[in-house]
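The following blocks contain the structures, represented as structure tokens.
One chain, subunit A, appears in both complexes that follow, with subunit B as partner in the first and subunit C in the second.
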Partner chain A sequence: MTNHWSDIKNADVVLIMGGNAAEAHPCGFKWVTEAKAKNKARLVVVDPRFTRSAALADLYAPIRTGTDIAFLGGVINYLIAGNKVYVKTDPTLENPRCVWNLLKAHFARYTPEMVEKICGTPKDKFLQVAEMLASTHTPDRVMTILYALGWTQHSTGSQIIRTAAMVQLLLGNIGRAGGGVNALRGHSNIQGLTDLGLLSNLLPGYMTLPGEKETDYDAYIAKRAPKPMRPGQLSYWQNYGKFHVSLMKAWYGAAATKDNNWAFDYLPKLDKTYDVLQVFELMHQGKMTGYFAQGFNPLNSFPNKAKVSAALSKLKFLVIMDPLATETSEFWQNHGEFNDVDPAKIQTTVFRLPTTCFAEEDGAIVNSGRWLQWHWKGAEPPGEAKTDPEIMAGLFLRLREMYKKDGGAFPDPILNLAWAYKRPDEPSPEELAKEYNGKALADQFDAKDPTKLVKKAGELLDGFAQLKDDGSTACGCWIFSGAWTEKGNMMARRDTADPWHNGQTLGWAFAWPANRRILYNRASADPSGKPWDAKRKQVWWDAAQSKWLGSDVPDFKADSAPEDGMGPFIMNPEGVARFFARGMMNEGPFPEHYEPFETPIGTNPMHPNNPKAVSNPAARVFKGDMEAFGTAKDFPYAATTYRLTEHFHYWTKHVESNAITQPEQFVEIGEALAAEKGIKAGDKVKVSSNRGYIKAVAVVTKRIKPLQVDGKTVHHVGIPLHWGFKGVAKNGFITNTLTPFVGDANTQTPEFKSFLVNVEKA
Partner chain B sequence: MDFHQENCIGCGYCVSGCPFNVPRISQKDSKAYKCTLCSDRVAVGLEPACVKVCPTGSISFGSKVDMQELAAERVTELKERGFKNAGLYDPAGVGGTHVMYVLNHADKPALYSGLPADPTIAPTVTLWKSVAKPLAMAGMAAAALGGLFHYVMKGPNEVSKEIEAEVERELEGEK
Partner chain C sequence: MQLSRRQFFKVAAGGLTGSSLVAMGFSPTAALAEVRTFKLARSTETRNTCPYCSVGCGIIMYSLGDKAKNAHAEIFHIEGDPDHPVNRGSLCPKGAGLLDFVHSKNRLKYPEVREPGSKEWKRISWDEAFTRIAKLVKEDRDANFIAKNADGVTVNRWLTTGFLAASASSNEAGYITHKVVRSLGMLAFDNQARV
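Moving on to the complex of A and B:
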């Protein structure tokens, strides 16, 4: 989130698209209710289904799954054509090659008629939504956008979100209370996962691993620490070296020295990204020996179950670290139609290491709003369950022994890893938290007054501004710096005081970065430093004190006067946000609509004569997966998967009370399709894609209506995903039997939300 | 509305008489059960548990008048959003309810899990309360008077220790 949960109450318009917050985020949705009650906010929902969020909306518009770029592109066109924008940067905007004119020309093609043709959203509905969104282009009105996996899980997911960000930038809704582009996270602490760099190409704090050609340390840093592109800009990533060296000092301690480039050679150099699709592809090719599934149930969670199962069967060993007996841990067992495998033919050895769950350990969880909230153990773990750090420490200490004894091609990164925990076999959450906060390794003096001691060696740092690239500071995750200082555990704070009545509550827990609640909040004030909206005062320039003050922590250089002309987007070397992204997105500088890889219409109305531009040309499709895609001839219906209030993912089917509230697998089918197929509510139906089938009870509903798309009628089929063959709910099929093995062209997040199926009576 | 659970004999009149089809007779102890609005909590100044734990803040608790005022605000807001027939479900036919709902379409309460449009007290209950109850009371009074005469005339009728023990064993068995 650029903003955070309680800030949603400050909005005038709330757009929920690519998500269903009322159902999937019921607790967070209360802030939407608050905005409606206290702020007369209007709720707009755009979704293929009339969801529980739609039921509470002031305006609902249907849309075909996977066509969000076309819809939002149409919004951009509407905003520009109607001059409903709030951008004033380049005073002339006349050069035909200036970004503004390129943007205009690009999106002029997304007319309301084109939106209707692609999305199936009736033109008048689309225009109502566009008008509602456009109403926030004035300084006194703000819109927030709430989205979830309904945007990320597409082959064009990153570009959908980018288009939404462009809408918000045009409307002037970034950096504003009640504004922003807000990802509603699903898994507890999934925000923390990316923050700590647990994706294969990342280091903590959104730093990146070097590529295999990046063997020169200085060049590696220089590439990531761009100098300002215009005078007077901050370009905050210039400090990359400080964050990176401090990270390496946290990891390798005394072994990271200036002479060995702070152990740069210890870092793996990527030949390609090792996202999970890539990993399972390699496994499927028989190129992997072992796999650790830590808090992860890939047999259920990954697309094309048949491929995932075949891949797991080729492993020599599989380690499951999980509190539950997951389907993945029993992928080799025959469970009839639900998992029809022959155990005699599977030679994979499976080890199960029972772990604690979050309520059985202390620690911090990062929520969608970037708040690190400390929590305390609620119960002792059952049986032999151990915490994840304890298991990892046990493995590490044994591995290190083996390297010590036997050596190896390059044992240094293992042997030299800093491991100064009180109990080496069980690092405590407190020690790990202090490690990511960072500490001084040598006495630190004030940059302006070298006689003034700021930190003594060994003291915890106040924040990332104190990090150095000379090896005198250590910090495990620069964006978390400030979370546990000499003043104590900032994440454990529970002060609800809200002196500005805008829900920012700076004394509640700790928000990264620097306890800042709303990112880019400099943009909430005009160029002269005065808040755009007196009702929503966030940050302002105080001329008397010559510094920025606020109800939030200013996202800006604290002493940079407005007349210096520094832009609010301090992470970008140009100081402004980007409509035109050079070299950042694999598809190109502007978002474009592409069809899902399984498209019900078989053509891209934006490029009807170009068969290479039907689906995302920048997406990666492995050999064999293209052949496993189906076409509308055999699988005529657009399918999408989703979650229900009563269940969390594949966990709560192990819990009796949840299993009682939603005991059995079902699929949702609109009344029109049901009538066509002779299916009645309660009938058992078989839903098949080109990769397999599931059987479930049919729920026949008014909530899904057929759409007219490019002259064709498109029916949607809705498939909740919570069932499997383990747990106390009624056993069911794994929904991801049906989904295609292809991901977003930038993140490789699988396209779970748009594929083709056929439906028949079982 | 609440029960004196200890006095309930499981006759089932409350089930057939409830216009909202709420109470149920337990198959385990043959007593009637329904939501009590946490009368035990309310009696000591707390809100009902559902109000306290509701993660979305959907339920409010207070005096009837306060809740009617809150509802009126919500209804105004809903009307302003285009729900012409928004209103409070607090049916007059039963003298109002203690749990009230703000409905977007108050003209069609059946849309909401089949809320009855115009609930009234069942004739059996009315009959019981208006005609049968006074008659029964008179009957009971007569019986009591008769008992008094019997006591005065014949003296106390003592229960033997054996019978008492047997009754106690039976009660234990039920538990």
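Moving on to the complex of A and C:
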């Protein structure tokens, strides 16, 4: 989230699209109702289903799954055509090749008629939504956008979100209280794990691993540390070298020196990204030996269960670390129709290691609003369960011992990994939190006054501004710096004070970066440094003190006077936001609508005569997976998967109270489709895709209505995802038996939200 | 009216119930407390965060025991933290069931192994688990580690073993996981954010 949960109350318009906060994030959704009650906010919901979020909406518009770019593109066209935009940076905007005119021409094609044709949203409904969104183009009105996996899990997911960001930029809703583009993350610390860079190509704090063509260390850093492109801009990433060297000092201590380019050779070099689809493809080809799943259930969570199961069966060993008995840990076990395998034929050795759960450990997790909240242990774990850090230490120390004794392939990074924990077999959460916060390795002096000692060697740093690229500081995750300083654990703070009554609560926990609650908040003030809206005072320039003050921590260079002309987007070398993304997105600089890989209409109305442009041409499809896609001839219905409010993923089927409230697997179909197929509420139905089938109880509902798309009637089938063959609820089928093995062209996040199925009475 | 526990039982046995005594204004609070004390009075409150979605609702866990060494802490109630600025004491149907998650009968308790072709789990010790896994890891890493690519460029990567990291484990767990995994040269490394 650029903003955070409580800040939603400051909005005038709330758009929920690609998510269903009322059911998936109920306690966060309360701030939407707060905005409605106290701020007269209007809620707009755009969704294939009439969800519980929609039930509270002032305006609901149906949409076909996977067509959000067309819808938002139509909004952009509406905003530009009606001059309902707020931000203009080039004062002339007349050059036909300037971004503004390219943008206009690109989106002029997304007319309300085209939106109706692609999305199935009736034209008048679409125009009502567009008008409501457009009402926030004035300085005194703000809209927030709340989205979730309903945008992410498409082959065009990144570009959908980018289109939404463009809408918000056009309306001037970025950096504002009650505004922003707000990803409602799916899990409690998925934000933190992303921040810490646990992804194939990342390092902590959104730094990136080198590619194998990047053989020169200085060039590797320089590429990631762009100098300002326009005069007076901050281009904060130009400090990249400080973050990187401090990370290498935290990991490799004395072994990382200037002479060895801070242990540059210790970092693995990428030939490509090994995202999970790529890895399971390699596993399926028999090219992987071992695999670890830490608190993760890939058999249920990855697309095309048959492929995932076959891939796991080819491993030599699989290690599960989890508090619960997951399906993945028993992928080799026969569970009848739910998991029909022959254990005797599966030669994988499987280790299952019990871990603690939240209640049994200290530590911090990061919510969607980027708050690092510390939590405390309340009880001992059951049996012999251990914490994840203990397990990682147990494995690492044995490996290190073996490499010390017997040698082996490139042992240096293993032997030199910094491991000065008081108890090496059990590094404490406090030690690890201090390590990612960072400390001085040598005495640090003030940059302006070299006689003034700022930090003594060994002291914890106050924040990332103190990091150095000369090896005199160590910091495991630069954006978390400031979380645990010499003043103590900032994540453990529990001050509820909200003196400005704007919900920012700066004394509650710690928000990255630098305890800022709303990102880009410089944009909440006009170029002269005065808040755009006196009702929502966030940051302002104080000429007397020559610095920025605020009800939030200014996301800006504190002493940069407005007349210096520094832009609010301080991470970008140009200082402004981007409508035209040069070399950043695989599809190209502007978003374009493409059909899901399994499309119910078989054509892209934007490119009816180009068969290569039906679905995302930039997406990666492995051999065999294309053949496993189905067509509307055999699988005529548009399917989408989702969560229920009573369940969390595949965890709560192990939880008695949740199993009681939603005991049995079901699918939702509309009344029209049910009538067509002779299905009554409560009938058992078989839902099949080209990759397999599930059986579930039919819920016949008014919440899903057929849509008219490109001259055809399209029915949706809604498939909740919470069941499996382990748990205390009734056993059920793994929903991802049905889903296609293809991802977004930029992130490779699987297309779980749009695929084709058939439905028949079981 | 003050009654000792003994007197109270006598009165109660004489035909008066505790509640009617209360109704008459004779509240034998101290005596009742002796008969059965409140769990709450002896509980320890611990602040935590709901582990499900990303709202990050504050929760308070109530456990028996004072967390002293050798005192067994048993969580018996979990509720929303009324001071939390986001959830303000409320919990959704998921968070409201957290106690049953902590005590789920499907919690894993011991390290286990399923041998190739076997139909069952076998309990093993942590030492056996760590040692066997470390041997398998080293064997594969030593066999398949790529020090240089075809162009002779140092790449120091290892592609044949992969690691999926959690989505609800703490920052500290995530941090040390990343540190260990990268030191091995592993690239087949992702977390739930990918999906």
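Quick note on the criterion: the second predicted complex is superposed on the first by the 762 of 762 C-alpha atoms of A that agree within 3 Å, B and C clash if a C-alpha of one lies under 4 Å from a C-alpha of the other, contacts with A are read in each partner's own complex, and residues count from 1 in each chain.
As a working rule, a residue touches a chain if its C-beta (ideal position, glycine included) is under 8 Å from a C-beta of that chain, and two chains touch if they have at least 3 such contacts.
Only a predicted model underlies this, so the values are computations on that prediction, with no experimental measurement involved.
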**Asked** Taking the superposition as given, does A:Asp58 touch the first partner, subunit B, the second, subunit C, both, or neither?
**Response** first
**Request:** On the superposed three-chain arrangement, identify whether subunit B or subunit C touches more subunit A residues.
**Result:** C
**Request:** Would you check which partner chain A:Phe445 touches, where first means subunit B only, second means subunit C only, and both and neither mean what they say?
**Result:** neither
**Message:** Just checking: does A:Lys726 make contact with subunit B only, subunit C only, both, or neither of them? Give me first, second, both or neither.
**Reply:** second
**Message:** Looking at A:Lys30 after the superposition, I want to know if it touches subunit B, subunit C, both of them or none. Which is it: first, second, both, neither?
**Reply:** both
**Request:** Please identify the positions on subunit A that touch both subunit B and subunit C, taking each partner from its own complex.
**Result:** 26-27, 30
**Asked** Which residues, counting only subunit C, touch subunit A once they are in their complex?
**Response** 44, 46-58, 61, 63, 72-75, 78, 80, 83, 85-88, 90-98, 100-102, 104-119, 121, 126, 129-138, 140-142, 144-145, 147, 149, 153-195
**Asked** What residues on subunit A touch subunit B, complex-wise?
**Response** 26-27, 29-30, 33-34, 36-37, 40, 58
**Prompt:** For subunit B, which residues count as touching subunit A in their complex?
**Reply:** 55-58, 74, 77, 80-82
